[in-house]
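Structure first, commentary second.
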Amino acid sequence: MSQSVKVAIIGANGYTGEELCRLLLAHPRVEIVALTSRQHAGKPLAAVLPRCDRKNGPAISFIEPKLEALLASGAELFFLSLPHGVASEFAVPLIRAGRKVLDLSADFRLRDAAVYQEFYDHAHPAPDLLAQAVYGLPEVYRKEIATASLVACPGCYPTSILLPLIPLLKKGLLDPKTITVSSASGVSGAGRKADETLLFAECNESFRAYGVPKHRHLSEIEQELSLAAGSAVRITFVPHLAPMTRGIHTFIAAEPASGATADTIQSTLRDFYAAEPFVRVIDRMPNTQYVTGTNVCEITSRFDARTSRVLLFSAEDNLIKGAGGQGVQCLNLVCGFPETEGLS
Amino acid sequence: MSQSVKVAIIGANGYTGEELCRLLLAHPRVEIVALTSRQHAGKPLAAVLPRCDRKNGPAISFIEPKLEALLASGAELFFLSLPHGVASEFAVPLIRAGRKVLDLSADFRLRDAAVYQEFYDHAHPAPDLLAQAVYGLPEVYRKEIATASLVACPGCYPTSILLPLIPLLKKGLLDPKTITVSSASGVSGAGRKADETLLFAECNESFRAYGVPKHRHLSEIEQELSLAAGSAVRITFVPHLAPMTRGIHTFIAAEPASGATADTIQSTLRDFYAAEPFVRVIDRMPNTQYVTGTNVCEITSRFDARTSRVLLFSAEDNLIKGAGGQGVQCLNLVCGFPETEGLS
Amino acid sequence: MSQSVKVAIIGANGYTGEELCRLLLAHPRVEIVALTSRQHAGKPLAAVLPRCDRKNGPAISFIEPKLEALLASGAELFFLSLPHGVASEFAVPLIRAGRKVLDLSADFRLRDAAVYQEFYDHAHPAPDLLAQAVYGLPEVYRKEIATASLVACPGCYPTSILLPLIPLLKKGLLDPKTITVSSASGVSGAGRKADETLLFAECNESFRAYGVPKHRHLSEIEQELSLAAGSAVRITFVPHLAPMTRGIHTFIAAEPASGATADTIQSTLRDFYAAEPFVRVIDRMPNTQYVTGTNVCEITSRFDARTSRVLLFSAEDNLIKGAGGQGVQCLNLVCGFPETEGLS
Amino acid sequence: MSQSVKVAIIGANGYTGEELCRLLLAHPRVEIVALTSRQHAGKPLAAVLPRCDRKNGPAISFIEPKLEALLASGAELFFLSLPHGVASEFAVPLIRAGRKVLDLSADFRLRDAAVYQEFYDHAHPAPDLLAQAVYGLPEVYRKEIATASLVACPGCYPTSILLPLIPLLKKGLLDPKTITVSSASGVSGAGRKADETLLFAECNESFRAYGVPKHRHLSEIEQELSLAAGSAVRITFVPHLAPMTRGIHTFIAAEPASGATADTIQSTLRDFYAAEPFVRVIDRMPNTQYVTGTNVCEITSRFDARTSRVLLFSAEDNLIKGAGGQGVQCLNLVCGFPETEGLS
């Protein structure tokens, strides 16, 4: 196991790429050797991403996303921060060339190429790779991530939904047919896109649901919930856009399986995550403000005795535990570094 | 029916009272003759509520909330914008003195004093008045409001939840045991209280659920839903605080009754509200920004075929259709004015 | 003097056009007969501008901005809410056809075509019309506006800067060589443009200056200040972008002319605006929140005895008194309606 | 030089204390041994400051601010995050007991007790200590801080104003009689106070100036500017409250001294800060968003040739470079640690 790793970020100028870049610049065992951006090729890092400007920082400039240059950069590990469909174009040759790939797109999150086609409206571009991809949720797949060549980091909503639900479904404490999820995300979750609906004046003093009833993230959420429950799970999921830059808050209602109580629910969560460095099971209610800027997901449960429903709540930073931070956590596992390195 | 009405607002310096004041200053048939505030008695309106500063506006100063002075003011109709429990102290003598009362507090919204005690933690202060109070939701109780002496204006969350659900429950299109509600409110809904948790730095870039599992508004919501359904209804209701000043957005999931379809749901909503001036049934998704500053509640429905659930969405301005504007709508009914007067 | 007027808005889908549309829909003497938008031609008003959706409102759809159709619409008065340079293309034929034009662009605000060229980087497209255009600041040019065919409504920053300074320069109370202006604007001032720098995630939790040292609005500001002072005035002007949707706040520092005191400054402002319906000279400090949603500009002055400087402060809604509302105020003057009609 | 230091924070539950606590928890050479809060004594850190909740973090609870307990805690260095006037009550006995004190209040920033009395409205509580206090601006007083027992960390506005001005005044490049400063601060700068004017609904969509013409921070600003200029300097300073949680942006206008040019101004700034780890002299305009969460202050200059004025701009995080981060930078100097330790 080496003491440090050379890393490239392909597609570094979106919000996720920027956050990843910021985290990796501060990571004591990472050296960034390449950053790509079609739009900004040739410009220095600090000119494109002023938040990443570091006095005496590394003198990196953006390059075109060309395979030869990427391979020549000396990078051992590649982050893909690209749109779905595009990520595969890089993953395939990089894997073939023996490099490690941590993909932040949706391209390798699903085990079934047909489900990909259903939710993403085009054929899967590299179905052969699906079998070797590992879903990059360390709290569930830690061991598999450590030896993977291709890690498919989960989406931001899925992380906030899977972490509270998986321990309970694994133990059979919820009726999986009764799950309804209402999430609210900060606007950075929509990406850095010059889109009228994402303008400040459109999002400020605004709250709206979108993407119903079949948001793309449902595919990976249901895949992982089904694996946890041991049977096919379908849920209702409604995401909302909240007037804030960062943070995802998730509220889940479900009926308990017979025998499940308020205590068994909360103690199952506490036990499952007792040793996890980045999941905090709490008694108070989660608040996105308390996790923003960190890789932590906070979780709690309540029991609504009047309607006999279990209520679950979680909060995370969509760009950290929901994207770049989780990517760094996976990098630490892949490289054999301490899992919290560069994240605390 | 007179052409104009003299009005007093008791407790005019909270956000609801201020909005009411702002609306009534622009109402062509209303003359404000008294405003009370213990804290600000003696100060002119514009010094306390600069948003209500009108050049050449009426020269009103706040007075102490004393009954004799209020009766002597000549006011025919009294708005109570006071905490629950306190509102009754004014409602009882004002009703006895033959005045009309529009109460924006929770004191007269419940038909059953025992439910009030359960949810508000003290005995109802004036149970004898409950029988004559009318719930001030014009879309449901228009006729009763017109002849009422005591109107109990609904809470902000209840308005946003009842308007989409009542038409569907009345027609038996939903299974009333399956209703889950997730609402998000702007911070003005918490009132003008010097409370650390409501500071800008605590609420900005923050999203959190609160008041679970038994928010006080559940009592009036379930009362009205039960009346619409013809049987006792209990729901799961989770309110959230969103980083915006105004607006409530509500998402409701429920299972359809057998035979209900996407089309019958949406057309039932359209038909029920076809002639209503302040309810807009739309095809696009509701957005609080599109109703802020107006007395409109927008509503739509979707059908989640994957889980066979009906999804309902609504948006309103919590201080207008959810409070002061609905109060003005009730005033128009009580006084026989056109229902939209001062509201468009 | 007619009792009502038929109006067209050319370029109605920006923030200014939308606000104008919202105001005119509520104006009791205005009938909107045409709205243009290249992008949205054919779509109904409510589909493009949901804030303008009115139940039982007029059934207007957007049309292409073609002159013949506009003339055929029956409109007597045309608002131009277009980019500079483009506005002239409509103003010229409309004026020639004998219509009244209220232009919200910069095309006719300057008396000197050479200054236009210096600040807008292209030759003035219709210099012959400059002589007949009236600068649409009613507090200064009320009489001229009433009889004008072509009114050039001031920019948002200029309104907030001119209103506090003009009375003082007219009376010779300030040294005009010493004026420094620092303004902060809400993001709607930048228009509805799909521009990365205006995304929510870029503007929220952000404060920045821009457009220094030679913002285009300087040209009209200095023109009007020079006219008020009776000699050429040059100022330092620094605009900032603040993380809010609406509002402009202006702070001005200047040295007093000899003999000017704190009292003469404040009383001159009070006297000048004593009869003005939309300018409020106050003792407390202005706050954009207190004027948002209204056509009011609030103003105060302070004297910094330690450095012998006069400090002036103003606040306005950039889309109302800074744009659409001022346009409506001008319309009222042009049509002989009460000046506050549709604005209170 | 020891490898680590035991630290106590007196008054740790305000925004500055919280940020300091967050930074020190991540500092590799600091062990927090005591945190005080009258209001929260007895409660664990994570219960009071959830942002400081660290899994496997130190098990610290708040204690009462009693001297004996503080001395017994083993702390070698004490941060005072207390109101002015109160800080002295702790500084005096701690200094007497031979401890190092880093004071974040205003108590020891001024060299002259009479100026303190003029600006803070009460006699200085410990004038004997003023002579040994060092003003904690490392870019100016690095050497003195390293050997100081009592460091008076600068206020948030002063840091943003002094950093651009001091190099220029030292070189005689500005006319010191002509300085006007307009700053905008996020709301956290006002502290965690249950004050109606700081509520979310009062600050959101609001921009206002305050504290004119004689803000308390003027006293330390003018002291340090006078020392840099070598003669008494008085300035006009107008702070504004902007609707954001964090960040201070400062705009300064001044007339150049004869011979100063755009180039000499910008190159003087570049040279003065060339080796400084936390001051970034840039060509683009500063933006609070680019420094929030860091200890960096970014600075640029422009020359307004039309009015012959120098324009300076700076941006910082008011709670980091403007408070807690600067405190940590001073701690590093006092303890002989690398200056950037725990800050990058």
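Side notes on the structure shown:
When the chains are written out, they are named A, B, C and D in that same order, and each has its own residue count from 1.
Please note the rule applied: a contact is a pair of C-beta atoms (placed from the backbone, for glycine too) under 8 Å apart; a residue touches a chain by one contact, two chains touch by 3 or more.
This is a predicted model, so every value here is computed, not measured.
Contact with both chain A and chain C is made by B, D. When the C-beta pairs in contact are tallied for B-C and for C-D, the bigger tally goes to C-D.
Chain B and chain C have Cα centroids separated by 36 Å.
Centre-to-centre spacing of chain C and chain D amounts to 40 Å, using the average Cα coordinate of each chain. Residue positions of chain D touching 2 or more other chains, listed in rising order: 186, 202, 204-205, 243-245, 287, 289. Remark: chain B residues 26, 50-51, 53-56, 205, 276-278, 280, 284, 287, 289-290, 293, 296, 344 touch chain C in the complex.
Residues of chain D that touch chain C in their complex: 180, 182, 184, 186, 202, 204-210, 212-214, 234-236, 238, 240, 242-247, 249, 251, 253, 285-289, 292, 302-307, 309, 311, 313, 315. Of all residues in chain B, only 15, 186-188, 192-196, 198-205, 243-245 touch chain D in the complex they form.
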